[in-house]
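Worksheet for the structure shown next.
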Amino acid sequence: MIEETDDLFDKLHEECGVMAIYNHPEASKLAYLGLYALQHRGQESAGIASADGIQIYRHKAMGQVSDIFTAEVLAKLPGRLAIGHTRYSTSGDSALLNAQPISVECNKGRIALAHNGNLVNAHEIRAKFEAQGSIFQTTSDTEVVVHLIAQSREQTLEDAVADALRRIEGAFSLVMTTPDRIFAARDARGFRPLCMGRIPASEGRPETVVFASETCAFDLIGANYERDVKPGEMIVVGPEGIHSRYYAPALEQSSCIFEHVYFSRPDSLVFGRSVQASRDEMGRQLARESHVDADLVIPVPDSGVTAAMGYAAESGIPFQFGLIRNHYVGRTFIEPEQRVRDFGVKLKLNPVRALIEGKRVILIDDSIVRGTTSKKIVRLVREAGAKEVHMRISCPPTISPCFYGVDTPSKKQLIAANMTVDQIRDYVGADTLAYLSLEGLKKAAGEGDKTSYCTACYTGKYPTQLVDVHLEDLAAVEVKSE
Amino acid sequence: MIEETDDLFDKLHEECGVMAIYNHPEASKLAYLGLYALQHRGQESAGIASADGIQIYRHKAMGQVSDIFTAEVLAKLPGRLAIGHTRYSTSGDSALLNAQPISVECNKGRIALAHNGNLVNAHEIRAKFEAQGSIFQTTSDTEVVVHLIAQSREQTLEDAVADALRRIEGAFSLVMTTPDRIFAARDARGFRPLCMGRIPASEGRPETVVFASETCAFDLIGANYERDVKPGEMIVVGPEGIHSRYYAPALEQSSCIFEHVYFSRPDSLVFGRSVQASRDEMGRQLARESHVDADLVIPVPDSGVTAAMGYAAESGIPFQFGLIRNHYVGRTFIEPEQRVRDFGVKLKLNPVRALIEGKRVILIDDSIVRGTTSKKIVRLVREAGAKEVHMRISCPPTISPCFYGVDTPSKKQLIAANMTVDQIRDYVGADTLAYLSLEGLKKAAGEGDKTSYCTACYTGKYPTQLVDVHLEDLAAVEVKSE
Amino acid sequence: MIEETDDLFDKLHEECGVMAIYNHPEASKLAYLGLYALQHRGQESAGIASADGIQIYRHKAMGQVSDIFTAEVLAKLPGRLAIGHTRYSTSGDSALLNAQPISVECNKGRIALAHNGNLVNAHEIRAKFEAQGSIFQTTSDTEVVVHLIAQSREQTLEDAVADALRRIEGAFSLVMTTPDRIFAARDARGFRPLCMGRIPASEGRPETVVFASETCAFDLIGANYERDVKPGEMIVVGPEGIHSRYYAPALEQSSCIFEHVYFSRPDSLVFGRSVQASRDEMGRQLARESHVDADLVIPVPDSGVTAAMGYAAESGIPFQFGLIRNHYVGRTFIEPEQRVRDFGVKLKLNPVRALIEGKRVILIDDSIVRGTTSKKIVRLVREAGAKEVHMRISCPPTISPCFYGVDTPSKKQLIAANMTVDQIRDYVGADTLAYLSLEGLKKAAGEGDKTSYCTACYTGKYPTQLVDVHLEDLAAVEVKSE
Amino acid sequence: MIEETDDLFDKLHEECGVMAIYNHPEASKLAYLGLYALQHRGQESAGIASADGIQIYRHKAMGQVSDIFTAEVLAKLPGRLAIGHTRYSTSGDSALLNAQPISVECNKGRIALAHNGNLVNAHEIRAKFEAQGSIFQTTSDTEVVVHLIAQSREQTLEDAVADALRRIEGAFSLVMTTPDRIFAARDARGFRPLCMGRIPASEGRPETVVFASETCAFDLIGANYERDVKPGEMIVVGPEGIHSRYYAPALEQSSCIFEHVYFSRPDSLVFGRSVQASRDEMGRQLARESHVDADLVIPVPDSGVTAAMGYAAESGIPFQFGLIRNHYVGRTFIEPEQRVRDFGVKLKLNPVRALIEGKRVILIDDSIVRGTTSKKIVRLVREAGAKEVHMRISCPPTISPCFYGVDTPSKKQLIAANMTVDQIRDYVGADTLAYLSLEGLKKAAGEGDKTSYCTACYTGKYPTQLVDVHLEDLAAVEVKSE
């Protein structure tokens, strides 16, 4: 039996999507629909906390959003305020323990909090707290933030939150609810996305303010995108209206470029830019940079599709769906004992022999992480009769782990940290292999226009200090950060 | 709460997929994998019967293949023979009762049987049997076939099956297992597909013979496609080898053209022809027949994609994924009480405003059944800023119900049976609307080459008598069959 | 892991309980409550069929009554008529297939039918039907009855049922529903119980007629016991009222005495007599027949309790609950690998050392089947410090299998068919062992008063022919029937 | 639909049972079996934490022990140390949050902790901590204990635990595990039971030390009872052996007498005395104190049985099971809309008319809490034909709530806090009613022998201060404590 995960496709995982709703009679339902639209950012656990002015209610569980939030469960999440969270995680009891939102009671009252991202000084802060006698129930960063809020000497909750956010370093897009207020904040470099929108007032229902990781969550609930939460900004929505403050001076923006390469949904605006447009341009730029004569452009579905279409349009080589994806995928598969070669990949992808046979194929994918899946896919395409297989990747080689919220494997497992492009080409069995250049990628993603990007996974140059990183990781990392 | 079904997309449903395995040490596992690949043909119940030379074992349940067949369940389905079935159906106890394979004991021994298709004289036969004192436990056609086998005066099981098949009229692709033999048969007009393949012998394991509704089921289990079961043919595989007989003279072939338009997976060969190639050609032909000036060709995913690409290639108008499909779809959705307009469609499709805004859009879909979903999709596209919306359908108007295994709604619900194309255009709100011509469709699907097609849903001309059809249906039908 | 079954207690199983309701607005709910009260007669699957004058609805499933029949399920069983069934059975798909009621359509209309008991000529009849081309979907006796009804030449359903019942031999208490009538019938020897009662009319609700295996099912639904269905009697309740007929002449009554010894609930009237009173008298008679000096009378709970109290009262020796039963028993138990001796029994029974230590104990149980559990219990009691253990059984030695609805193990497994009483005493490790005499048992159960009993399990003298019994069984049996 | 709870029987609930195992290769399995035996102390959630010298593992869930701890779950709880907990609780997410053991990380390392009982100054301590900036995730007392340990200035964990225990007031029997040591402690007045035992060494397996709330948990795992943990004692078992210390001077012992009246299993030794023996003596004393002429003594099963037998033995009036308990009880019941009177009670109890009719009955129960169930039971017995019903209760009237771990309803709901015995007699509809005297109860439970008892629920005299008690409760309570 093999377990079904996207690792079969050798992809990186975002760790979370967040959602918040202020002032809607069905706040928890809207949060649920928003999480549903954000499930590509984490589909292994989800949680919602709602508030009705007096109390906070919460439900979180392992599983997919639409399985977790039944009508019965939503009925137990009353009130006009809600925040939601969806994440990847490992299995078991502690997985649920670490699921968000976390909900606590402290001297500033009851709060529930969820965030997307990863702190780089959480362990350091935690060690200090433990030395003072604090106890921790989870291993998540989020609990550190809550301790900072509780122990802050600021008098008001808002000041205490600002104080806490100033003390944490790293990537976070955070939403929080008290019984009667929603907080939304983003780290000072703007690593992870967080946008704000409104559902217009209607028939006696006042306007609703919403926050989400991506705009695709707004479309489903009828909200209009207004703007991004800015790096270093904290927005508070309450009975007195909306106000915004900068809890810290904004630092040089370093938004995650991989949101445009792979993570975000193509129908979203992320960092104010259309993801679809970025990917189309990545494919076009890739065609300009590394042309090859061929008969067909074939994407690795689903994430390679837009870049492949851009590549085809720019190069004039016909685009075809030469690999068909099976979407009826359950949790686990029983594999025959007499193993079928590349079984895991075949469960999901099937080549169309009638299209491929005898053709020179350009295969477009968005990234190669460990290389194992690419090897299998190239083999599938060859076995379906391709004469040549030219692999093109719509970003540069991934050589360094991410410490800002992406679940990268260690450097040892990153094929591009250990092999040259030629070696990778030989390993995956392609006739040629080319990656998009870093400059080409930045241009395609609109660098300089509204946004500047973090590209540490391609360069090893990290925009923050890395306090929590273990020594062996630092050693590896330092070489790259020179 | 709205229930999640593909009806949101206003599609027709195939009723079944079938699978059979002869002589493999893990027969039930292969049947399960085959069903997994055939799930697009019916994902609401599934069953497998296996045989070990002496006994027959069976498990069937409501739900999706990968949920039903756990390692534990497959362990209780031993033996080197297996047949499998997956189907659409309604909910509740009787749904399970009617799930296949059915397994019975009669004077010819124990048999298990599954079929894809629909008999047009089942009610008539059933009525005769009941008059003689037979009892029926299900309302399925399959039980009628079994009664015919049991009551046949032929001495051998094989002759009795042939005798039974001669007495039934309509569409059926049937697989059957006894404790030690697999039977596969197809009706005399070849309505529904059924193909045969082999897994080559390997390391002491002898060759395995397999049957499936589509070849995509072969790819996953490493089987090679050999040929279709012919109309009127019955193939028996047993210890003595494979033999074939024609239980009835083949009639004029009338294979279901809608398999190529919508049902089958694009990576399958169906009726010996690539489905992908047919759909690409449908799009190209549609572009030739009904050109319109526009900026973008956008498919209604997933089924409109290949035709849209053919259309774009032929017309030179750029193709774009302007509608993004959400694949994380669970069973049910809780809708806000303050209804979101077109909520059901928005759950699954989200337009990419950045692409669509200000553009003249050609929207390609494979069919319009009731028209309700098309109306919503056109509205979605307009609300995303499209300047013009031109709808193109890759087959002719659907005007008549199918009696051969497709779950068509009644004529009253078929929009094209009740409106002209201009009226439909106005109803769905498109600027222009055009369908592929019947001749164009037949050509695109390769009519005349190896296959001739049933096109009754577009013409109302039925290739068989319709014994079971109720009077009111006949009235409606007769008008059209003139 | 050991599976939790009552086999740990080495008990015989009744195969079924039945229930029927005529003319109540909540018929299926009452059937469900009746089944709940009858669960001691079979707690592994249950089913209800209801009828509303036009249609029949049915639900059956594996599991316990209160788990199966949720409010949601009962809502799908409308109508003023209902029949219900609960049974023991083995696991897996075929178990559900064989669960009752079975529901079929035949030339006499749609009927649903359930019965308690076992036919002794079902295989013979079935073989004849199969030779004629009939098919069978289950392996249950009930399906044979349905075929007999369908094939009867009688014109009316009532005559056809009577005809069918005349052709079957053995033990059956049967309830049946058509869309608008309830049938209840009992075999000509009255093996298994079936009683009739009424819920009085109230506030516009007319009187309701009910049938059940035991009167304890009446108490919960507010019905009053009226009388037993007589041996050979068929009662039909419909819009025209109640009428009764004898489909066959009543034969010498041979009601199952083991209903009084063990099966039935003590709070029921069975065969018109209080079960509690019978058991109390069995204990008293046992004390008279086999007195022994001792300090304490201890029952094996729960079934030995009443007889133990009778024994104590008659003998003057104090009664104590020296073995405590744990009622929180789930389905399976994980046993330590370092095995605990007599683990299975200890899970359920714990001796009270403070009571037992140093005492001469009389242990009362209702039967010894295989002897394995008795051996463990005697050991438990000795390990808790008992000085002497005297075992007394409230019926004679069980030497012959039952063919009338009790799930007896084969003769090879019945300890008393293979050992003398002295040998059994040594095997179980008791100081003395005595059984109640056959005459004593009959007297205690009121033989001759209203009822005469079948005692075949104690005598090997069967009141019917045993057509279906396999040769090896017959051989063994014939010896005993001399 | 009514929910199935023991409230139908108007009983008080213990809040917890605890278990600990030191040095056994299958520690978590033994903990599970111990919890299984302790389920009468709380069957709504359960948890186990195990330790293997380096790490702590934990699983807790809502539900019954044998449903929660499957072989799969136990396999994830490795190590030679384990603690377990089972409890009553309310439903929902926070119920699980509050389930025990709780497991935290602090400056003294990782610990898991579970306790039985209730602290009377937890709110006060918690308020202080929150003022200092501590955060709380649960509302349980246990989290307060953990904060006290973490904030203690003592250097070693053992000293810190002793320090923490000195600061809490109330009732607690506590077990704790670190990665390599088990702690067991009991409050200074010894309210709740906690006993210690050993499993002898065997075949290379060294001796195992175990702790449990009651000795019945020892019987199943083959452990021998050694002694109780003393009031004020803390026992630590680790690689260096067992040592004991008194973290506080023992105060006047005030063990909960209701453990002997109702909570504990009759086969347990509790506070060093046989529960069965206590209950038998309560019944005898009751007979001496309040004799009445009658024909039968009938217990309310199961808890009234032993006292009823004592009553019958002392009075010479015959004992009979006149009320039969249905043990097949699921979670919820669907009640007919046409309500059955006393439905909830009838689901569980059925009177044996044949025994009761025309008789003068003495009905023995262990307590009356709200009186509602007693009223229904008396009515059941009368409707079954009893000529007279004399109710006898085997303890004094319950007039005051418990603050030491029993889930008593408020004074307003306690019938005896609001009515005289004569009024209660009229309310429940008995002919006579008598309670056991306080002196009689103490004598029956062995007061003075080894134990002195807390009888606050009968007297309103509380052995501790009641810091956390709300003002309105105090008012009510003070009156009684005069």
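Order as written gives the chain letters A, B, C and D; numbering starts at 1 within each chain.
Going forward, a residue touches a chain if its C-beta (ideal position, glycine included) is under 8 Å from a C-beta of that chain, and two chains touch if they have at least 3 such contacts.
Because the structure is a prediction, the values reported are computed rather than measured.
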Chains touching both subunit A and subunit B, listed by label: none
Most remote chain, CA-based centroid, reference being subunit B: D
Centroid spacing, where centroids are CA-atom means, of subunit B and subunit C in whole angstrom: 49
Mean-CA-position distance for subunit C and subunit A (Å): 61
CA centroid of subunit C to CA centroid of subunit D, Å: 37
Multi-chain contact sites of subunit C, meaning residues that touch two or more partners: none
Chain contact topology (line, ring, star, complete or other): ring
Residues on subunit D engaged by subunit A in the complex (per definition of touch): 58-60, 76, 92-93, 102-107, 130-137, 146-147, 150-152
Parts of subunit D lying in touch with subunit C, wherever the complex brings them together: 1, 25-26, 29-30, 32-33, 36-37, 39-40, 43, 64-67, 69-71, 74, 202, 205, 216, 219-222, 265-267, 269, 274, 276-277, 280, 302, 305-306, 309, 313, 318-321, 324, 326-334, 336-338, 340-341, 346-347, 350-355
